[in-house]
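Have a look at the structure below, then the notes.
The chains carry the letters A, B, C and D, assigned in the order they are written, with residues numbered from 1 in each.
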């Protein structure tokens, strides 16, 4: 299945792109998506522990089961205000 | 000695006057002044425990030694804001 | 610490006060509090509250509190406080306080502390002005209503 | 609970927001917070901060916080929040929050809680815009400076 990954803030700068398309086996979790992302974007791997993850507009955890067509966002800690 | 007593808020309403002149022995304390005030204004005596006392513009306690010409204010709990 | 203290019978013009705010380049937080007269007091509807102050002592006590605030929160750059006196109608502000500081933590703490202390020591008193029953002629409250 | 949420690249007009405030007759307290860009970040002088948001998620997360606030402080009558995006110069406000409630206790608590939670979950990020050295030509920041 195909999942779209959006990168925000300095994650986008580090990756040199705001968007990745990742092919994954059906039934993959967010944790498995991250492994696939870090294979193509190794600079992001060191930030894994501080990475926030959303599917659509809601935060999700690493064990969240992805569906085909999901829009996943990865970003650093937020800093509004 | 003569001491001027100013009454504020509903203390003034209860007493029917904003100002009393009280004659006291030299060296009297605020506690002795209050006794003298309550002889002429018995309606205020029941409010003694909630009475706030200032000399000039500073709060003082019952043992404060009064001086001739002191301006004493008696008033209920404050309610600004 | 810059300070403004105003005890006034005029309405509090909060937009004008906010527009006049000046903050140094190190300041990141401005908290303001507006205390407004509610439409009832102890369950009974009212039309206004009449505020009375022992003016000289109120100013002295406010400035003592400002000194204490400056000592407890030395990073506070500016403190402005306006307290209205006389008759303040329901929905009008009786008190406006603003604290400017580098960060919101000390601004919130200082603002709340100041209001709490004011209500403990500043000689200002209030008297509710009852609602006139509908259909009765409205006369101004007598002097001893204040 | 009445609510206003605005994410905007326009300057925050705080006097106009204050002038537009409407309070019901049971409301006695309005707290407002203005968060302003400071002249330095991590010790280095800056000229501005560029704010970026994941807009759809930011709005969704803000409204979830508003729902939680309404549940925790059911007496809060009105909540208004404006967050500025894009380049915000030093001394300009990046955030304005106002809470209206019957009493100051819940207004202060709700306002502080909302700002703390916002900084935890709302996807907005900032990037300092360095001070240009004096005498060097000033060029607009490149797209990736945002």
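By definition in this document, a residue touches a chain if its C-beta (ideal position, glycine included) is under 8 Å from a C-beta of that chain, and two chains touch if they have at least 3 such contacts.
Because the structure is predicted, anything quoted here is derived from the model rather than measured.
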Based on mean C-alpha positions, I'd like to know which chain lies farthest from subunit D.
B
Between subunit C and subunit A, distance of the C-alpha-averaged centres to the nearest whole Å
50
Centre-to-centre distance between subunit C and subunit B (centres being mean Cα positions), rounded to whole Å
27
So the centre of each chain is just the mean of its C-alpha atoms; given that, what is the distance between subunit C and subunit D in Å?
25
Residue numbers in subunit D touching two or more further chains are 35, 115
Go ahead and list every pair of chains that touch.
A-D, B-C, C-D
Contact footprint of subunit B on subunit C as seen in their complex:
35, 51-54, 56-58, 60-61, 83, 94-95, 115, 118-127, 144
Subunit C contact footprint on subunit D (complex, rising order)
14-16, 18-19, 23, 25-40, 90-91, 102, 104, 107-108, 111-112, 115
Spell out the part of subunit A that touches subunit D in their complex, as residue ranges.
6, 8-10, 13, 52, 54, 56-59, 73, 75-76, 78-81
